[in-house]
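Read through the structures below before going on.
What follows is a pair of complexes built around subunit A, which joins subunit B in one and subunit C in the other.
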Partner chain A sequence: MEISMTQGSVALSSATPIPAKPTHAQLKHNQLKHTAQPPAAQPGATIRGSGTARKMLTIIGAFLPVIIIVAICLFAPALSHFSPTTTVGAARLSPNAKFWFGTDSVGMDVYSRTLYGTRIAIQFAIVVAVLSTVLGVLIGTFIGLTESSKGVISNVGRVLNKISEYIIAIPGIILAIVVVGLMGSSNFALITSLTLVLVQAPIKLTRVEILQVKRENYLEAAQMAGESSFESAFVHVIPNSIGPALRNLPLIFGNCVINLAALGFIGIGVNAPTPEWGYMISKGISSMMLGRWWEAVFPSLFLFASVLGISYSSKAIPKAIPLIRQLAGRRGNQ
Partner chain B sequence: MNWFKKNMWWLRRIVELPIDIAAFSIIAFFLVRLLPGDPVQLSLASRGEGYTHAQYEAQAESMGLGGSIWHQFANFVKGALVGNLGTSTVSGKPVTQEVLSRLPSTIELVTLGLGAALIFALLLGFLYIRSSNRTLRSAIRTYASFATSIPVFVVAVFSIMLFYVILKWLPAPLGRVSSGTLPVVTGFPILDEMLTGNWAQLGETLVLYILPVGSMMLTYTPNLLTQLIGGLDRELAETTTQFQVAAGVGRKWIYISIFRRSLSSVVVVFGLIFGGLIGGAVTVESLFGFGGIGALAVRSVASVDFPALQGFLILSVAFCMFVFFLVDLVNMWLDPRRRPGVANQED
Partner chain C sequence: MHMHSRLRRKISAAFLALATVFAMAACSNSVPDADGSSASGGSSSSSSLTAAIAAMPTSYDLEGTWAASNENYTIWSQTMVNLIRYKYVEKNGVQVQDFTKYEGVLADKDNPFTVSDGGKTYTFHLRKGVKSQARNPFTAQDVYWSLQRKLNVSGGRLPQIANLLDNINQVQIVDDHTIAIHLHDVDKGELLLPNLTGQMGRIWDKTEMLKHVTPDDPWATKWAAQNTGAGYGPYTVSSVTEGQQLVLKANPNYPLDKPKFTTIAMKVVADSGTRAQMLASGDVDVSEALSPSDATSIADKVQLPKVDNPTEFIGLTLVENKAPFNDQRVRQAFRYAVPYDDIIKQIYQGKAKASSGWITPAMGVPGLSAKPAYTYNPSKAKALLKEAGKTSVPVTLSVSSLVPDIIDSAVMISSSAKQAGFDVTVKQLSAADFASGRANKTFQALMVANRSQAQAPAGLDNFFSTKGDNNSAFAPTDEYTGLLDAAKNAGKSTSKEAAPHWQKFSNFLNDEASNLPMLYRQPNQAYSTKLQNMSYRYDSTVDYSILAPKS
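Showing the complex of A and B:
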């Protein structure tokens, strides 16, 4: 509770006064949420010079990391000269004119593998982020609408909420390891485990939002107009309470990239020889001890830069959107 | 009766702890069984031979997956009540013993890493409110904004690269001692070395801890720092602080008061990260060649050791809940307004 208030977010703090003993589930979810929220803009920090050029620069800067990452994903085949999954040269070559990032211990080109690694990471992140958000909004809506109603269905809602609270208490990587371990290593298992870990935040965020939206008058009006509660859930409730979950999406995206790499790093991620950063880093460590630093360092750099880039863009884009509106508005007026 | 009322806040929390752990264990039991996929088949397939129906049944029984789910549940509850979470199908040892024998070394590493992060965050927080230097303050704020966006093993790879490969200041990151075996008394490596008087080994371990502890410090400080800075910014503007200044309270006491009021969310995040790192330290541990609880999980994944995975899940979360319990107590102690019932009396 404390945490969400520090960033001036409204969803939780206005719903309930400071409880004496916030549960950990709530706190953890607030932590997730707090990082998802753009930090309160420092007055004058971004919009100091109000010149058009300056605004354009801010907007471009906000989108630049995302654009670069997407471009690398799309043009990976054009940017690299070798196949990322086959031996293309002598093993253990240091970076040179032909193999820009050198070759690894079986002679695969580290440069191509690192570039294609972006693709793998982003593919997983898109699937998991969209899946988690959609499922999270649906489950959160169900819980929010049913838990305080009457009848059997309210118990279902309450039990689901309790289960979600307990799952939030499980550290993500532990849950992911166990799920992948029991399902066997496959893309499906990885997506399931990452989604199970990352779906909890949108569930919580949507549920809290629903609890507020539920009191709005237009729902009563819709009910009187004869809309079924199922219909009004999709037409009125979800569109009005989807905001926090959507703002949380970039955070899921970044977390998914980190978690996928962590799973790959400990050896239970995407199957080899798929070019995945975490796996490449862990394979490259032993070479690094022998002085062949390039195998581990380049994927690490890419992982580091992309996660930081995603995190930066997710904070900067919400700040840039008003600027875009301003610029667009000015052009419209002329 | 009066004593009881006064100490209600922590007594109630103690009673809640086992209930939470029990509820979680039940959820974990069903969660691991509801997952798509068949661990029995996976473990048989991992041996690379065909199998008969009888073999399948025997394997299911040894993994605790024989019979109906209610039969399994009854067995699980019966075992869990006496602290028996099944037997590892790989080593044949009880899962509880396997996990508990590895837990101390992980706890030690995480405590050192996060302890360093906490001290560093407090130091930067102090600089943040003490200094009027704009560049320094915005640098601290930028560092804090890195929270949750850096994987710890990437920082560790860079630090190994710098201090071992390039500068050659530190020894190869291959375990806690370069040769010989660690003494085992309590399971906490550094403590055991002190207890048995192995000063040479202790020195080695401390030097080998520099990189992992340093990487954890650099990675997790921003998480604590964002909370601390947020709290400091808020509490600095509170009327309480203004009143203290107006009343001529000493500077030192004003700082202590502001820090005390800002710390609660830092403590919460500290607890969350600590709990998460019990399993999450696996990347650091495998990178630096330390054995730990995470290594057990990875081994169990490779061999589809169902009882070990289930036990690992339950015990590590039970430990997390214990950490959360401590966090609640520390927070209620730091800030009496957080004790249950107190807020109502104020209204």
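Showing the complex of A and C:
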């Protein structure tokens, strides 16, 4: 280091003369010049400013699809022009100023039905996602805690685990069709079938996590301190194992939207005339062959965009959360 | 940066997908021009014809294995014939059957039967020299065996025959080509001929059928459900590609005029819009079971048969033994909650008319009211509900997911009935579930396409019989039986004397409001412009045996 510094000074001294000490006037001039410079000339401030903007953009971008979808759900009555379940015009009108997305085979407004379709899809998705996650965590915890123990209860755990494995082997949509076929078409049957299909992932994720957590020493300590297995499961095990299942929740949400539309498409979804995307697409396919594209294309686009948006947000939000914390922390420091 | 590039890739993929969707929509935006040689018969040679049907038939023997579907009716009508049929009369380019005139098919063409014994004995004069599809000679033994089979096999709609003949001893073979049927009552004569003409009057080749009987199946129902060739119809099924196609070959021994098209290829195309598009572009020559709007979309490129008095109807059944329709006022209120005119205009594109009741003009009862039995009147509906002590009534209306115009009609009812105080949920069921629910009478309300094959008012009793699956709603009362008997005893249904009695019977059924036709719809087939002899017959199927290229 010393050598290099020495060499540097030598080189410097040989290349350029050592500047003379600046005069007061020069200093003042320089000071004025600095003052007149735009903020970009201050390196430290620039990096901080653009980073914050980028973080803000990332956070907004992560939440925007979800915000739009939720807004459509909440404000569907205000955004739509007509009742989604009432005949309001002539059948099969192409898109026009009055009916933005045209009308369907019975003269209902496709725009209003498509907007309300968001509401139906999201309502089902919320219920199924929450139900699947809660049940998945509980069943996964039970399996994880009991399957390697002894006694009747362990057999129950092992049987549940096997059942879950068998169910995973059945294609989801087929399982849903069978369940709806057995139970009959109703909202309850749809929720049950979709939950049965989508609960398997949280069960498996939680079980694996439980198998790791239950080896932790603090559980032994808790039991030695007199805590029952039930208490320690709810106080220690579940809170420490719930992470993967929670991170999987948006995936269930998106899958539920797709599966609901698939069931509607094959005619066993929600009852007509409830505005549901799959049913609307299925009804519109026949028309599409004869050039009446609007009945199927608009609900298809909404289905596509919402699943894409949910998928994007589900990946982007976890990445945005640390940024939110960083920004919140900086504000706190200021 | 990494995340942004991934986002860019996703957005690019999204736009690519959108572009594909729009390109597909644009491609299908116009129906290909049907001008030129491919307009019709593009797929057909001079002796072959291609038809698009909605599904494969499930049974070739509707006596042994009943399953109501357009496709089953179609094959049953191409492969089997009866002693007699209704005469064809050409109207507006369509060969329409006149339900009051008969001609011989297996019976002599011009003198098929004589009536004696004061109207109790019908003697059929059989054609000579006729051979079956299996080349066996046709005799009175075949007719006798066929009637015996109808009285013995279970299933099907054979109670209609059993109501006329309670014993095979009523059938007498006079000689090889003469057979007589002795009825107990004169009034049954009016139903005997329509039933022998209709779907349950098919005649089998006894010799061929006996080859396929087994100890467990003495009437060869299992064989007949899956095979043809033991009848006298214009065609037999020559090959089947399961789920895709069925090929019919002409029967060289057919006793009537030889079919112009000796090969009929029936392609299964599940979607109505695709069937319509295929006909418009010349890929097929006939498309069956089109939705009215799809048929209208291609109207300028094809031929759509139109008849003066359609007999096929959309029935709306309100099941009497279940709440809320166990109250006549609620049933009537619901009838007033149906937007008949809107359904006819929006869904049927004007190709239907509101029903005045069960008795159609085709039945020939003189001076019968043609006024619609009900019109859309939500105020009247509400008043009736109020009278019944109700304000808001939830209703589940069941329909088959196979029939798009019925689903749309049900959706329109649910939309309009709100104003009349009904909260209607439309329940779409698979064809099998719907048939099962209908037969087991588990629905609250249902809609179904149907027709009275016996176009005689006395034949309407079949729709109110507790034996068949036609009646999901009604338990015949003394009043019903009294009115029906009075009408039957008043003479021929086409007489002026009987007409007022049939009017009373019709009014009674309209007031009961449980099981009623809602509207009568036009045929749902479409034909290439290069064909002639479109047909409209009692079972609403295409008669391929009379179709011919336009000269």
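By our rule, the second predicted complex is superposed on the first by the 284 of 334 C-alpha atoms of A that agree within 3 Å, B and C clash if a C-alpha of one lies under 4 Å from a C-alpha of the other, contacts with A are read in each partner's own complex, and residues count from 1 in each chain.
As a working rule, contacts are C-beta pairs under 8 Å (C-beta built on N, C-alpha and C of every residue); 3 or more make two chains touch, one makes a residue touch a chain.
What you see is a predicted model; the values in this text were computed from it and never measured.
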Subunit B versus subunit C as contact partner of A:Pro273, first or second or both or neither: second
Touched partner set for A:Met56, first subunit B, second subunit C, both or neither: neither
First (subunit B), second (subunit C), both or neither touched by A:Val70: neither
Which of subunit B and subunit C A:Ala328 touches, first, second, both or neither: neither
Partner chain(s) touched by A:Val297 [first = subunit B, second = subunit C, both, neither]: both
First (subunit B), second (subunit C), both or neither touched by A:Thr86: second
Subunit C versus subunit B, contacts on subunit A by residue: B
Which of subunit B and subunit C A:Met288 touches, first, second, both or neither: both
Partner chain in contact with A:Ile153 - subunit B first, subunit C second, else both or neither: neither
First (subunit B), second (subunit C), both or neither touched by A:Val307: first
Common ground on subunit A, meaning residues reached by subunit C in one complex and by subunit B in the other: 267-268, 285, 288-289, 291, 293, 297, 300, 304, 308
Residues of subunit B that touch subunit A when the two form their complex: 13, 23-24, 27, 31-32, 35-37, 39, 42, 145-151, 153-154, 157-158, 160-161, 164-165, 172-174, 226-227, 230-231, 233-234, 264-265, 268-269, 271-272, 275-280, 282-283, 286-287, 294, 297-298, 300-302, 304, 306, 309-310, 312-313, 316-317, 320-321, 324, 327-328, 332, 337-344
Of all residues in subunit A, those that touch subunit C in their complex: 58, 61, 85-87, 90-92, 105-108, 185, 267-268, 271-273, 283, 285-293, 297, 300-301, 304-305, 308, 312, 316, 319
Subunit C - residues contacting subunit A, complex: 3, 7, 10, 14, 17-18, 21-22, 24-26, 28-31, 271-274, 276-277, 291, 293-294, 297-298, 339, 342, 346-347, 401, 404, 407-408, 410-412, 414-416, 418, 425-430
Sites on subunit A touched by subunit B in the complex: 2-3, 6-7, 17-21, 24, 27-28, 31, 34-35, 39, 162-163, 166-167, 169-175, 177-184, 188-189, 192, 251, 254-255, 258, 261-262, 265-268, 278, 281-282, 285, 288-289, 291, 293, 296-297, 300, 303-304, 307-308, 310-311, 315
